[in-house]
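Consider the two complexes below, in which subunit A is the common component and subunit B and subunit C are the respective partners.
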Partner chain A sequence: MDLLLTLNTLMLLTLATLLTPIIFPMLSDNLKNTPTTITNTVKTAFLISLLPMTIFIYSGSESLISLWEWKYIMNFKIPISLKMDFYSLTFFPIALFVSWSILQFATWYMASDPHITKFFTYLLLFLIAMLILIAANNLFILFIGWEGVGIMSFLLISWWHGRAEANTAALQAVLYNRVGDVGLILCMAWLASSMNTWEIQQLTSPHQTPTLPLLGLILAATGKSAQFGLHPWLPAAMEGPTPVSALLHSSTMVVAGIFLLIRTHPLLSTNQTALTLCLCLGALSTLFAATCALTQNDIKKIIAFSTSSQLGLMMVTIGLNLPQLAFLHISTHAFFKAMLFLCSGSIIHSLNGEQDIRKMGGLQKMLPTTTSCLTIGNLALMGTPFLAGFYSKDQIIESLSTSYLNTWALVLTLLATSFTAVYTIRMTVLVQAGFVRIPPLTPMNENNPAVTSPITRLALGSITAGFFITSYILPTKTPPMTMPMPIKLTALIVTILGIAIALELSKLTQTLILTKQTHFSNFSASLGYFNPLTHRLTSTSLLAGGQNIASHLIDLSWYKLIGPEGLASSQQTASKLATTLHSGSIKAYLSSFALSILIILTSTY
Partner chain B sequence: SEMSKDMLPGPYPRTPEERAAAAKKYNMRVEDYQPYPDDGLGYGDYPMLPNKSQYERDPWYQWDQPDMRHNWGEPMHWDFDMYIRNRVDTSPTVVPWHTMRKHFLIFFSTMLIMFGLGAIYPSYRPVGPKQYPFNDLYLEKGGDPNKKPPTVIHYEI
Partner chain C sequence: MTTLHLSFYSTFILSSLGLAFHRTHLISAPLCLESMMLSMYVALAMWPVQVQAPSSTLLPMLMLTFAACEAGTGLALLVASTRTHGSDHLHNFNLLQC
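Moving on, here comes the complex of A and B:
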């Protein structure tokens, strides 16, 4: 049996299955989509995509197919090429599994929405764009997927478009992503001019790659994956419905930037400056996001900052020249982060829209499945040994501790790991444990299987995914095998310290002492003052300046200064200068005669 | 029906009567009316309203246009499209502006300085110089085979 043919066919079949709910209603008159049909489509696509992954695991066969070629100019052709290697073959089933669970959850969460089918169609379009991005072998096709996920993110964040904050958040997402896109286009332009190709397999350079295109790639990843500097859109994106946050802003879209860096890592690995920049940027992002998450009171914002922090950790892994480990973290992170968002969605809906953790408590008895899965997700996030997060996170911290790298980056990442434990425990204690702070008459229940089965499925994934992926896939680089015992246990020690601090702090809050407003608490609660400083300054100056230039200055300059008034004022200055000479004194006139004769004589000399 | 000529903005008001007429045209009190200074930028007699965004207006009041928090007949700011709720927010911050800027710059500069220090003093596992056998590869490095090589011992007893 020709394995490669089967591999290619099945992957194309997966993509085709996902396109059916979009194409078939256009071709027929009475075929309409429903949320259930779209969920079942994604489930079918997931089951089909398991087969290519199994073929890859047992035979190691990768493939690269080129479907059609856009003969742009004579020597630069852009084929539609898809690469079925380890990354795309493994991420397809994971993304489809997570999407299937989220779509099933969304049938309950968005049940009261009048345009629920349009919502599901948007999610499906997003998924297709994301899978195009993952499978792309060509930077052009990747860019198509990149823009696709950006636009769908905009449409989905502003789903409740009557709300001004949602529109602002969607605008923020689009603008920050656009800034990142400039970097990607810069890199594509450089590649087209120097290597005459956009194909990923041709992106190797024997010598050191110049830093400028790599800076462009890093800018693209900063924009899409919310690293420090272009990060505010990710917490703001929580204005969208919870299924959107679970799919886009935790598992799939935000990892697109990191995935780009993984795909182009042959270019990055030759340039140590770019790698160090990735490392430092990732370390700063992970600490900054973890600091901001410490004082948040909205459950979705805590999980959003947690996502941002983990993305920083993935960037740190890229900076250590370990792209496969970054991909492993992407895969395991998708499971438990999506599950955390779904649990939070279930809690929010049960409490009739309450998102503030100060008004939740003691939910362990009232929503047992949800809160148990929340605990499992939080434990996986903290890197509890042998859950999913452990396999990737612990390996990253081990590699960090045993490499030659910037000391401050190491310190920041370890600090961020302990902060992860702190805000996770804080969230768990305030949501699940302790006294009940919800309104008394809340008819909450978990009876709907559309709620419990996705969450339990993802819980199973977050327990076993790390184990399965590491057992079946061999690492491409030798992991560090020997290290002293304290270094090996660094992640665990740091996490336990974080848990201890968190429990101590929660004891403080339960004794009902008002926390004092210190500089640090204000800094953390206001997200580092980054948002007001940058948003107000840049938008005021650009908008007001643009308005002034476009309406006032252009009128002023073209109609007045260059035209009539400018001419008139220059004439006036000239004539004012000339009238000083018309004084009437003979001496002045004689001196002007003599001067002009002198000048004529000397000029002809 | 279109706006008549006298409802449109006009030239800069020079006399008090012109100011009063302009204030009436813009539906403002004469005391509140303050045109933009006449420095050639072409504002005319349009009133200079305070640069406050729509965020600062009461969200619970029953405005005529709730999304823009604006009543019918109220004079609109020249840059009103900048001050809607999807754009610039000028509402007072909890922490004063100079404190925010100072704290952020302290944070950012500390990070940059510490990253610089971390690059000067990187962290790595303990390493030693590489040890070669055969008296530090004396013959391979072109040493004289007839002469006795200097003994190199890599251990201490």
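Moving on, here comes the complex of A and C:
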């Protein structure tokens, strides 16, 4: 049986299945969408996409589909080509599994929304754009998917567009993503002019790649994956509904930047400067986000900063020249992060819209399924041995500790790992354990299977995904096999330290003393003063610069002083000066005559 | 500078300064112009002799012709203005009707 043909056909069938809820309503009036049909479509697509992944695991066959070619310029061809390699074949089922669970959850979460079908259509469009991005073989198709996910993110964050904060958050997301897009276009332009191709399989260079296109790629990843410098949009994106946060801003869209770096990894691997930049940028992002998460009180913001911190960790892995490990972390992270968001959504709806963890407590007895899955997710996030997060995170920390690299990056990452444990335990303790701090009358109900089955499904994934992926996929680079015992246990030790600190600090909440405002707590609570500094300074300087150029430079100086009016005024001054000489007296004229004679007299010497 | 050159230069310069500074009588202007012309004539006449270029000996004759015309014009203007204003004092030359 022709396995390759089956693989290609099934992948295209997956994409076609996802397109049917978009196309069918246009064909006939009877074929309207409902949330259930869209959920079932995604479930079918997931089941179909399992087969190509199994074929890949069984036979190791990868393929490249090349459809129609856009011959715009004669010697630069832009084919629509899809690459079915390890990354896309593994990520398709994972993304579809997570999306199916989230869509099923959203049928309960958004049930009271009048435009629920439009919401589901938007989520489906986002999913299609994301899968195009994943399967793309050249940067052009990837850019189409890139822009698609950016637009859908904007539309979905501002879903409740009557709320001013949602609109500003969506605008922030679009602007920061745009700044990153400039980097991607820079890289594409450089590649088109020097390598005459945008195809991923042709992106190798025997010598060291110039740093400029790699800087463009890193800028694109910084924008899309919320690394430090272009990060404020990710916590602000929590203004969108929880299914949006779960799908876009935890599992799929924000990993697009990291995925781009994984795809163009052959270019990056030869340039040590770019790798070190990735390393340090990722280390800084992960520590900064973990620091900000320590003092957050909104449950969704804590999970958002946790996502940002894990994205920094993925960037660190790219900087270590280990793209497959970064992909492994993307895959395992998708499961437990989506589950954490769904649990938080269930808690928020049960408490009638309460998102502040200081007003939650003791929910373990009242929402048993949700809180147990929350605990599983948090343990997986911290890298508890043999849950999903352990296989990727522990390997990353081990590789970090045994590599020849910047000590600063290593220290920052280890500190961020312990901070991860601190804020995770803080969230768990304040939400689930201890005394109850919720108002007495709440619509608390998690008996709906639309809530429990996605969460438990994702919990199963969080426990087993790491194990399954690592047992079926061979690593391309040998992981470090031998290291001293303390180095091997580093991740575990810093996590346990973090847990101990968090448990000690959580006892402070029962002592009823106001927390003192220290410099560190103010820094953490105001997100590093980054938002007001950049948002106000950059906009005022750009607008002031624009005013200077448009009115002061062009209108006032070039037109008035130097240009036409300046010419007129200098001529006027000169003629005013000269008219004093035109007195009409012959004495003046003859004296000019005498003056010229005297000049002749003196000039002959 | 030779004595010849000195005499030309000094005659010309003194005459032109006299043209500029003697503003009492109108007749002093044509007089100074004549002496300027005279110095230029002598200079133009001596120059082909010095450089031994006989073809330039025509030049003073041309100059003299035009200078004579100009002197005649100046004298006519002098006579006409003396007829109407009574004298050639320059401070009388205004258009006062009374």
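The definition used in the following text is that the second predicted complex is superposed on the first by the 539 of 605 C-alpha atoms of A that agree within 3 Å, B and C clash if a C-alpha of one lies under 4 Å from a C-alpha of the other, contacts with A are read in each partner's own complex, and residues count from 1 in each chain.
Convention: contacts are C-beta pairs under 8 Å (C-beta built on N, C-alpha and C of every residue); 3 or more make two chains touch, one makes a residue touch a chain.
Please read these numbers as outputs of a predicted model, since none were measured by experiment.
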item: Touched partner set for A:Ala409, first subunit B, second subunit C, both or neither; value: first
item: Contacts of A:Ile376 with subunit B and subunit C, given as first, second, both or neither; value: neither
item: Contacts of A:Asp555 with subunit B and subunit C, given as first, second, both or neither; value: first
item: Touching partner for A:Ile597 - first (subunit B), second (subunit C), both, neither; value: second
item: Contacts of A:Leu260 with subunit B and subunit C, given as first, second, both or neither; value: neither
item: First, second, both or neither for A:Leu125, with subunit B first and subunit C second; value: neither
item: Dominant contact partner of subunit A by residue count, subunit C or subunit B; value: B
item: Residues of subunit A touching subunit B in the complex; value: 164-165, 167-168, 171, 276, 280, 284, 402-411, 483, 519, 522-523, 526, 528-530, 532-533, 535-536, 539-540, 543-544, 547-548, 551-553, 555-556, 560
item: Interfacial residue positions of subunit B with respect to subunit A in the complex; value: 40-43, 67, 79, 81-82, 85-90, 93-95, 100-101, 103-104, 107, 111, 114-115, 117-119, 121-125
item: Touch list for subunit C against partner subunit A, complex; value: 9, 13, 16-17, 19-21, 23, 90
item: Subunit C-touching residues of subunit A, taken from the complex the two chains share; value: 586-587, 590-591, 593-594, 597, 600-601, 604
